[in-house]
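Going by the order they are written in, the chains are A, B, C and D; count residues from 1 in each one.
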Amino acid sequence: MKNQRISSELISENNEAALKHLQEDYDHLSTVLSRQNIDIEAVTTQAQAFEIAVPSWGVGTGGTRFARFPGIGEPRNVFEKLEDCAVINQLSQCTGSVSPHFPWDKVDDFTELKAFSDSYGLQWDSINSNTFQDQADQALSYKYGSLTNTDAATREQAIAHNLECIEWGKQLGSNRLTVWVGDGSNHPGQQHFQHSFERYLDSMKTIYSAIPDDWELHIEHKMFEPAFYSTVVQDWGSNILAAMELGDKAKSLVDLGHHAPNVNIEMIVSRLIQFKKLGGFHFNDSKYGDDDLDSGSIHPYQQFLIFNELVDAEARGQEGFNPSYMLDQSHNVTDPIESLINSAIEVQRSYIKALIVDRAALSDCQERNDALMASNTLKQAFNLDVSPILAMARYRQGGAINPLQTYRQSQYRAQVAEVRPSVAGSGSGIV
Amino acid sequence: MKNQRISSELISENNEAALKHLQEDYDHLSTVLSRQNIDIEAVTTQAQAFEIAVPSWGVGTGGTRFARFPGIGEPRNVFEKLEDCAVINQLSQCTGSVSPHFPWDKVDDFTELKAFSDSYGLQWDSINSNTFQDQADQALSYKYGSLTNTDAATREQAIAHNLECIEWGKQLGSNRLTVWVGDGSNHPGQQHFQHSFERYLDSMKTIYSAIPDDWELHIEHKMFEPAFYSTVVQDWGSNILAAMELGDKAKSLVDLGHHAPNVNIEMIVSRLIQFKKLGGFHFNDSKYGDDDLDSGSIHPYQQFLIFNELVDAEARGQEGFNPSYMLDQSHNVTDPIESLINSAIEVQRSYIKALIVDRAALSDCQERNDALMASNTLKQAFNLDVSPILAMARYRQGGAINPLQTYRQSQYRAQVAEVRPSVAGSGSGIV
Amino acid sequence: MKNQRISSELISENNEAALKHLQEDYDHLSTVLSRQNIDIEAVTTQAQAFEIAVPSWGVGTGGTRFARFPGIGEPRNVFEKLEDCAVINQLSQCTGSVSPHFPWDKVDDFTELKAFSDSYGLQWDSINSNTFQDQADQALSYKYGSLTNTDAATREQAIAHNLECIEWGKQLGSNRLTVWVGDGSNHPGQQHFQHSFERYLDSMKTIYSAIPDDWELHIEHKMFEPAFYSTVVQDWGSNILAAMELGDKAKSLVDLGHHAPNVNIEMIVSRLIQFKKLGGFHFNDSKYGDDDLDSGSIHPYQQFLIFNELVDAEARGQEGFNPSYMLDQSHNVTDPIESLINSAIEVQRSYIKALIVDRAALSDCQERNDALMASNTLKQAFNLDVSPILAMARYRQGGAINPLQTYRQSQYRAQVAEVRPSVAGSGSGIV
Amino acid sequence: MKNQRISSELISENNEAALKHLQEDYDHLSTVLSRQNIDIEAVTTQAQAFEIAVPSWGVGTGGTRFARFPGIGEPRNVFEKLEDCAVINQLSQCTGSVSPHFPWDKVDDFTELKAFSDSYGLQWDSINSNTFQDQADQALSYKYGSLTNTDAATREQAIAHNLECIEWGKQLGSNRLTVWVGDGSNHPGQQHFQHSFERYLDSMKTIYSAIPDDWELHIEHKMFEPAFYSTVVQDWGSNILAAMELGDKAKSLVDLGHHAPNVNIEMIVSRLIQFKKLGGFHFNDSKYGDDDLDSGSIHPYQQFLIFNELVDAEARGQEGFNPSYMLDQSHNVTDPIESLINSAIEVQRSYIKALIVDRAALSDCQERNDALMASNTLKQAFNLDVSPILAMARYRQGGAINPLQTYRQSQYRAQVAEVRPSVAGSGSGIV
């Protein structure tokens, strides 16, 4: 029996009150979908199966280089982060795994940590190593790079950290390592582009050789920040070349906020699928840079178009297609639990909308170059309000029909604030 | 007699060694300029008169939301910052004033602070208020805005801080207040755009009413960060409208990193000049966002084109034209003193190049629509290496011909590191 | 009795077949809206009242500088363009006016033209002048500018054209002139920014003085293209300053594709509303530059957020608020009639969604800084599928429930192709 | 003895008048460089060896989708284009080859064309195929794509054109084919990204198989335009993957205007060098999109940084490094001959500045992470005015010290205008 942070009575009460309208809406949606020969139950089953991981650092209030404005009841360590993640999954029923970040989430006894996460029914998603900050006990600084540092000893220190991450991940039952580095330069000439990338590839080869056979190594690219003139893995081009150099277990990870302005991200997703190198996603949204806003809050249609590629690849049985999904957001002005619940559902929403795209009609339009009807075929699915499917999927699994309403009624935040005193420099890093 | 942080003997020695080559180059440049009927001495005199302020916070190592990697010997308070600023001015001879940031630079006794800056021959440039961070002793939080907060008491607290900044500025002999706020939103719908801007204007009117008659109030716009969906003064359009609403003492300040991608900043400068609202600049450079890189390190030609507008306005005797110049950079991977010396000279370089543009020829090309020759007229000035003029201007005022070389030989950083122990959370904010 | 291009029998037949499902969906939507105390009939009435103009040049196939690929049956003159516009309005019932472009649409007898448009029940929207191309019979070239040309005679020629546009507009019953110029520069230095803008303002003052008292003069800004270094009215800042200089009848027009990357257009709309200078819109969509894609096809949420501002201003009874709407798109790969029908409905869709936003709840969230619920309040309206309201509004006015399906069945394009032979250089300009 | 379009007496006269000042400046520059142990004569020799091709279509006035404003004396066919190219090379002495564009430059007798180009001492650079326009005699339209068209016959037609380009190229003595296609989509859903790229690769494999062993096949990517939602080879990532699929003779070509905003192009150049896939360049400059402005007119420092990568690769003896250079610009407001002369020299300027970078010092700074001095090492070379080297290189080869001045004095444009009457639709396409 799983531990539960929110009273199941409260959830049931709220659900009871909402069920009548939900059932009405669900029934009508069933009618609408049946006109397109879509069985709503099949879609709801897929909604129930949808999973997106939550990052452990996401449950703390984020910040910018200018300031961080923490909320109350912030988690102070990985155990309290797991408690918050359990709330998110209990209400949303689609975030059953947590992605840890080391050394932030390092503990003395990983068996204890695993038992704790098990008690909440949470799995461990991809392990994130951190060589973009200096830790208090660290011998050599990453000020001028980690895996690409011109100093061999510094590179080895960074490699060693990734190796220990793999070991900790094994203890937690994870099967992936995600490597994002802040390495780059702020001045033209500061780094030799080619030598720097060669050092990166060398370091990554050592890490790759420690990756277990049933794991994947995910490479994350980013255009800029924290480096502001060049970043070593700046785009999907450098990313896929690195993944190809390393081998089959290496794949590319797409963070939606890590691209140049105007870039067609859904097309990049297609290319990575085609070349069997799409590892997974860090979902978030952005208007300007790597804003790390809530998924789907700015460009919901773009998110849908990305899922259109994913569902299409699945439908085509594209070889080697098995991406993993994670949220990676910075919650600066909201309760992180609320944002993560809401964002997980927004990603799920895009998935469900992509599922009901009439692929035969779309394919026919593409073949005939009927551009407008192709566009409208996508829009028809996007315009449909699939909220009843999402709510029903939650309800049937014991989650909340109206998760934010239920969360607020639970007074969870106020309750944890009583046992989690505010401290300057909380357990969550400013990312 | 001014205090001096760097031994004048060292400066002299180095200058002696460099003078022969400098004189050769200066003489040849004189010949080249005389072919265009330009008297090099007149230009050198203008180079000597050029001044650009240094921000007090610029002498600390900057950082990003991901990390800050401090150097050794970081200044711990405004007095030590002034010491470093004195070094910059002693070697560059063009940074005779310092722009303070409150409450970071707040002291109990401003008379003492003024006497200290006087001892180094430093003036106080524009005062910067800070309502984008919460201070330890602050009653109300700026998490959801300061001058635009929906809560009247919070707005009043922010206004009051600006009023005290004016008072402190008077004591320091400043004559300007620069207001930049981080107010904005991260979610569509979070703020009512119009009501928010109305509250901003109301708050600013109160501040404006306290601005002495011989002061200016500078408004700084920024596209994004720390707010990632909307910022209350997001561009020069909102900026100039606010300045027009407030009155003659209110002007717009241009930070080069605060614009949308691809925007023609020199044209914005021209518009502000035309409408008599150009207050001044925060100089820096950037490739992606508000990167706060060293001035001229990425887009030196853009910097020159901006000065082309400034020198043109000066030459035309444009009414109300009197902008102030300041550096505003984040030095994450360099010694801040080195970057500030170098950047001040890079801005000065653009100014000097703009001075030697053949304006009669340019004007003639413009009249005849001779686009290529107009472009080449600018390029001819830009291509000329005016380093000898810059070096001679420094030399004649007691500065260093090769300021970075002299600074490094002085061992200044190592010396201050002995008396300034490294502390977590230094006196410099992460901006 | 209006002329009709599409058989009303065909429309009726198709509508009959679609009505049952529409009624089911409409009834369910009525139920959903009634839970929010919204009367669907009131919304449908507003949908019926919604109008957006069609540009005469939009019914020809567009192109790029690289090529134009015309379709069959392209209209060869303004009369045939009106025929196509009549089809669009007959099926969509929301495009009752046409915006002409002179001299493209110039005729010898405007009375005849007016009678022709009257026969189809079409009104004449804003007049567009053209000084960005040289016409065959033109004395002086606009190669180096029109209203800003350094040559006074060329400026006068451009002014005279605008004056004749006003006269023609009077004869057609229009009440607006929209001025967009391609004036600008391709080289730094080519133009003196300030003198160029001064010439622009001078020219516009002469035009403004000819604007009838019950007309408006709309100024259109654009970041770039056809000029690639600077454009004289490059953004809303220059636009509103020009409008303020000219007077109350001058207002700013927003084309969605004319902004820098990442710019928050809905915020610009709010600013123009606040300062009583929002004249109207050219709707289209874009991913990269001024792509002139079909409205809502790329960023439907942004279009909704813009209408959120418009509906809010209307609801607040904002003084001086009365913007006009027009489509301005380039249909390079679709049948222009289809794209314009579809796009008009997509804009109408955003309007209807904005109407059902719970403004009291939104305002409350804004007051309490409940960022997530504010965002969700908007999203709730956006997520709702209002297609039944749009279809019912068309149906009740005699339009088509499924306008594209009906259009295709009508074989209109093939029919006009028989009487409109393909000619190189059709009556539609390449825009 | 080569034919010459400009009187060599005029060139000599002008050079005589300019030589004294040039020699003074050259001598002083020699002194300055010798302090850095650089022999100016070695650099001048490399300047003399520098070559950049001119595109045949570049000598006609360009335009935009809005308008084209032709000048007088426009070339009407490839022979007249060659005459203009001969002028450019005669004066600049660095543009000894011409890149043709088929079918625009197609002739009945290629032997005659070759003899004509030989008479001016001009070589034939890379062949450009054109499948982005429909030609009058063309069976199938490229409206919906060429090499990626869903219709096999259309793809075959496009392939066949590339094959005939290769044959024509052989007759002209060329050894490269450059393939740029406008294929893409304007609507989400219009094309299946993966299937479209698969068709592209299939078509290219057929073309590749016809590439002679001593030729290269260059692939050109472009972010957008003429397609505005997606382009089949949208960035260097897709480009290099295609080149890798095809084989060793296939390489990637970089056009400076074909990237997303803010992208670090010099880093892309480095990556292509590292992976042995840098084929060559289309040089131009831009501020917003693919503006095709004169090389170095907007971002001269970026151009220098690109050459810094090229010279570094050459210095390192990087395997497989042998890129070709070409100008690809659209001259809308200048005399194309003037712009091409000027631009060729601006590219040469960047090359020469990159040659005098102190690579040992730079490498040392990189090793020690001395970011500021690394940046300054580049800046020192960039700031130096190398105009005397460029002028001397021209002078020594019989070119003009002041090529634009000499060109204007020659009255060439007025002379050809007499024999080349203005015609609507000149021989130069609107690109």
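Here is the rule we go by: a residue touches a chain if its C-beta (ideal position, glycine included) is under 8 Å from a C-beta of that chain, and two chains touch if they have at least 3 such contacts.
Note that the structure is a prediction, hence the values are computed from the model and not measured.
Ranking every chain by how far its Cα centroid lies from the centroid of subunit A, the top place goes to D. Over half of the residue-numbered contact pairs at B-C are shared with one candidate from A-D, A-C or B-D, namely A-D.
Put simply, the C-alpha centre of subunit A and that of subunit D have 43 angstrom between them.
Note on chain placement: the centre of subunit A and the centre of subunit B lie 39 Å apart, centres being C-alpha means. Multi-chain contact residues, meaning those touching two or more other chains, occur in subunit D at positions 143-144, 185-188, 190, 223-224, 229, 261-262, 264, 287-288, 294, 297-298, 301, 333-334, 369, 371-372, 375. Residues of subunit A touching subunit D in their complex: 143-144, 150, 185-195, 197-198, 223-224, 229-230, 234-238, 240-241, 259-264, 266-268, 270-271, 273-275, 301, 305, 308-309, 312, 362-363, 365-369, 371-372, 374-375, 377-378. Interface residues of subunit A, counted against subunit B in their complex, comprise 62-67, 69, 132-134, 141-144, 182, 185-188, 190, 223-226, 228-229, 261, 286-289, 291-294, 297-298, 330, 332-334, 430-431.
Against subunit B, the residues of subunit D that register as touching in their complex are 21, 24-25, 28, 31-32, 35, 261-262, 264, 287-288, 294, 297-301, 333-335, 338-339, 342, 349, 369, 371-373, 375-376, 379, 382-385, 387, 404.
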